[in-house]
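A, B, C and D label the chains in the order they appear, each numbered from 1.
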Amino acid sequence: MCRWLAYWGTPVLLDTILYKPTHSLIDQSLHSKLGVETTNGDGFGVGWYSQHNDTPALLRDVGPAWNNRNLRELADHVQSSLFFAHIRASTGTAVQQSNCHPFRHGRWMFMHNGAITDFPLLRRDLTLLVDPRLYPYIEGTTDSEVMFYLALTFGLDQDPPAAVARMAGVVERVGHEHGVEFPLQMTLAVTDGARVWAFRYSSARASRSLFYSNRVEALRRLHPDVAFLRELSEESRLIVSEPLGDLPGAWKEVPESSYGVVQPGLDELHRFAPAAV
Amino acid sequence: MCRWLAYWGTPVLLDTILYKPTHSLIDQSLHSKLGVETTNGDGFGVGWYSQHNDTPALLRDVGPAWNNRNLRELADHVQSSLFFAHIRASTGTAVQQSNCHPFRHGRWMFMHNGAITDFPLLRRDLTLLVDPRLYPYIEGTTDSEVMFYLALTFGLDQDPPAAVARMAGVVERVGHEHGVEFPLQMTLAVTDGARVWAFRYSSARASRSLFYSNRVEALRRLHPDVAFLRELSEESRLIVSEPLGDLPGAWKEVPESSYGVVQPGLDELHRFAPAAV
Amino acid sequence: MCRWLAYWGTPVLLDTILYKPTHSLIDQSLHSKLGVETTNGDGFGVGWYSQHNDTPALLRDVGPAWNNRNLRELADHVQSSLFFAHIRASTGTAVQQSNCHPFRHGRWMFMHNGAITDFPLLRRDLTLLVDPRLYPYIEGTTDSEVMFYLALTFGLDQDPPAAVARMAGVVERVGHEHGVEFPLQMTLAVTDGARVWAFRYSSARASRSLFYSNRVEALRRLHPDVAFLRELSEESRLIVSEPLGDLPGAWKEVPESSYGVVQPGLDELHRFAPAAV
Amino acid sequence: MCRWLAYWGTPVLLDTILYKPTHSLIDQSLHSKLGVETTNGDGFGVGWYSQHNDTPALLRDVGPAWNNRNLRELADHVQSSLFFAHIRASTGTAVQQSNCHPFRHGRWMFMHNGAITDFPLLRRDLTLLVDPRLYPYIEGTTDSEVMFYLALTFGLDQDPPAAVARMAGVVERVGHEHGVEFPLQMTLAVTDGARVWAFRYSSARASRSLFYSNRVEALRRLHPDVAFLRELSEESRLIVSEPLGDLPGAWKEVPESSYGVVQPGLDELHRFAPAAV
């Protein structure tokens, strides 16, 4: 299991979001409160969009985030209006850069907390369902990356919620075929660099936690003394595995079996269910 | 491409073979003479059998061998009568521990120099031919590891030369199906902890170099002053991608399209050809 | 702060001590109970004596012990009758191999849990007190390594307890000169490959925990069903930062301001006090 | 020994300078032509100034530059008008992040190719000459970092050429005191984020190579078809250990015992000699 964070909004130094908050993601790499594991030290990754390139940049490494100097440096010098960050607690697969989230394909990024139950048993069948043209791009050995490539196979580029629903449907079908009762546990985020889709779902309807930040405007009224809030645009939004810090009123839980869309204009929240493929 | 070395014989400190020779494997990691690349700095591995365990031990890491302190330490303290060592020059796949040779399955070890031509194109079809019960053990993303698991699929445990021949046959067949004229280039070694099989083959009949050491008895007569030779048993044997040092008379080339068997009693040398599957 | 373990006794696979116990050192790297930090993921090291070399071998790496495959491999294949193992939680100095314990000089090994208070302030003065002939051997930047080289400077080779007492005395004197009230906090172990000396001391008389295993004979009577105990010789002994597992009667605390000697024949336990230099 | 590159000028993607040229620095990490070593695979570093922070950012890692994915990512997404890049071939000191160039102190960066002869012998005396207030900032164990902190001690902040001259003078004096005939070999670069100073000097007057790029205006006349040149401002300048690519007329050698200053307006070139301290 893992912890992750997605930021969309006013360009900010990564430091502002990654290190500054009281219970920051970096702090969670040592002391997660809501995670299955309290330590998330099996690698990390951050992916961000810049104005210099259509595809996002990735910094990923195999050590813990809490002592990584390159991440610390980057956070102090790189600004972005849309970035993902992820800290990993391996559920068994190798601790290697190619298994670190976020994963990228073209302008898309993907990150995940959760697991496909009995993945070693299902891995071959699921991998075979990946479009053969996409297959060569799979670089690691995680369930998460296979989920990403299944979603790409099922049209992530056209209709992200539908593609993720079909991915979830396929994972459940293949799992059931192998006698796995509850094949899927996921909170995941995808982005094309413009919008962010975040999903919370599990076959057992007992999904890992997922939160989104309240409207900046409302937070400013609640906390007129918090300097950071004055820097953010009205539309800025965070989606996180567990709340950063403990600002009252700051966080709302994404409901079970739902997904949200963070985008220019009004954000959205919808029901989510796997789709038959 | 890569460089490798297999040792079979009198128990020796790894240091004796890995570091001591003039043009040692460690030296080849910086300055290979016969390799396609002069530098082999994309990871390394050593695998050895000890009396404490039926399966071989592996030390593998992603940095260059030449500056690795853990390898240096091990070489000074571990003795073995059968070990493999490998230095990697990636042909494109990720530099990660799970892509470092030797690979291991049960008591078997495998290492490889060469490549499957257009592997990204052939990878999916070849991986599908791996026995589904073995598939979950594939940890990395190299052509070499897929070759190992294909050989295991085709009965490496029962008849190594036949299994490797079928693996080579399948690689060529799948390659030709995708329009690849010369799909396979390989020098490879496998061992079960008792015997070592070493193969030299390429579809274009232009295989990378492979050498084996002359009989110790003969070398002692030629070089009565070389202390190291007095330590070795008559049967000790080295197989290497390129000669270590330049002791005249020490090395013989494994002929094109051949394989050798190093074993108690007389060693063997045979013709090798891919087999239809 | 850190966690460590010293083993002296019947030759055993490292695995037996490092991984097998319920609350093993490897488990403590993720979930320490008594440590200042619950996570010790800033590098690790194991040092062991073999019959092939007078100096001990070191395997040290910068990632967490819990996911290190080379350590796992070694533990399954290397036997030793005297070894040290250490997991690190950095108190600020860089996470790098040269800062990982154990440290080695000739046949001596040294490891430490604790800290010199305000080390950046004291580092220069303390380093200057290291014998200039030993100074070039300092490779890292930790307080621990400087403590080791001070002990070597003060005659570790001749009289370890006296040398460690003088080291502690010098650290306290230099600390006091810089206005540091409680300069030293330490539990440390040194060995020459024959005996192990373990010290527990802190300037504030509030030292980190340190335990030694009870006599094997007594443990066997208490736990006749524990297979592992039957493998050990009467004299086998463990010294640990915190108990492994929860075998009742297995562990005794090293008293505050004390040191123990594990050696052939009767072990010893003495009072410890810093010595003026 | 090492290879390095300093860029000053029009903001460019790091990729343009680090990877795009035919004989780029990344290529030199595998195949240096003019270096003492042909391989520079013992770590690397890049340091750049951004508009978000007064101090430069550093990305440094211990593996080879040629296979580092984080460097590749950064190069594709980060623009800078002043950056340093360095690839390392260790002359003996540990391969660790804290020994990778560039080094940083406040807004200053420093990188070096060369060596202090018999540094282990001179290290203690030289380190003692570092200002005690700066001493705690020394993180690694290289001769280069000590040279940087000596230069800082001698007023780098006020008068860089004078400070470097005093540093060189002190190295030579201490070297001679220890019977070292030719203590210093250096090509080095320092910057405060506005100007770059580059020095070429060695006690034996046989300094490693150092080149600077010709005026952009002249290059454009010579090579009207080279697109890259049209992107650069007139004042853009590169200083390199060895030429990138082989554009005729592009490179001029920095003379023996000289230093150059790259700055807004006219650049400068002066004689360099160590100064007595």
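Just so it is clear, a residue touches a chain if its C-beta (ideal position, glycine included) is under 8 Å from a C-beta of that chain, and two chains touch if they have at least 3 such contacts.
Note that this is a predicted model, so its numbers are computed, not measured.
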Query = To reach chain D from chain B by way of touching chains, what is the minimum number of steps?
reply = 1
Inquiry  = Angle of the rotation mapping chain C onto its copy chain D, from a C-alpha fit, rounded to a multiple of 5 degrees, please.
reply    = 180
Request  = Have a look at where chain B meets chain C and say same if over half of the interface residue numbers show up on both copies, different if under half do.
outcome  = same
Message = Counting C-beta pairs in contact, which chain pair has more, A-D or A-C?
response = A-D
Key: Chain centre separation (chain A, chain C; CA means) in Å   = 41
Contacts with two or more other chains, residues of chain A listed in rising order = 97
Query = When you draw the chains as points and link the ones that touch, which shape shows up: line, ring, star, complete, or other?
reply = complete
Query = In the complex of these two chains, what residues of chain C are touching chain B?
reply = 13, 48, 50, 52-53, 55, 57-61, 69-70, 73-74, 76-79, 97
Inquiry  = So in the complex, the part of chain B that touches chain A is made up of which residues?
reply    = 94, 96-98, 120-121, 123-124, 127-128, 132, 135-136, 138-141
Message = Please output the residues of chain C touching chain A within their complex, sorted ascending.
response = 30-31, 37-39, 41-42, 62-64, 66-67, 90, 95
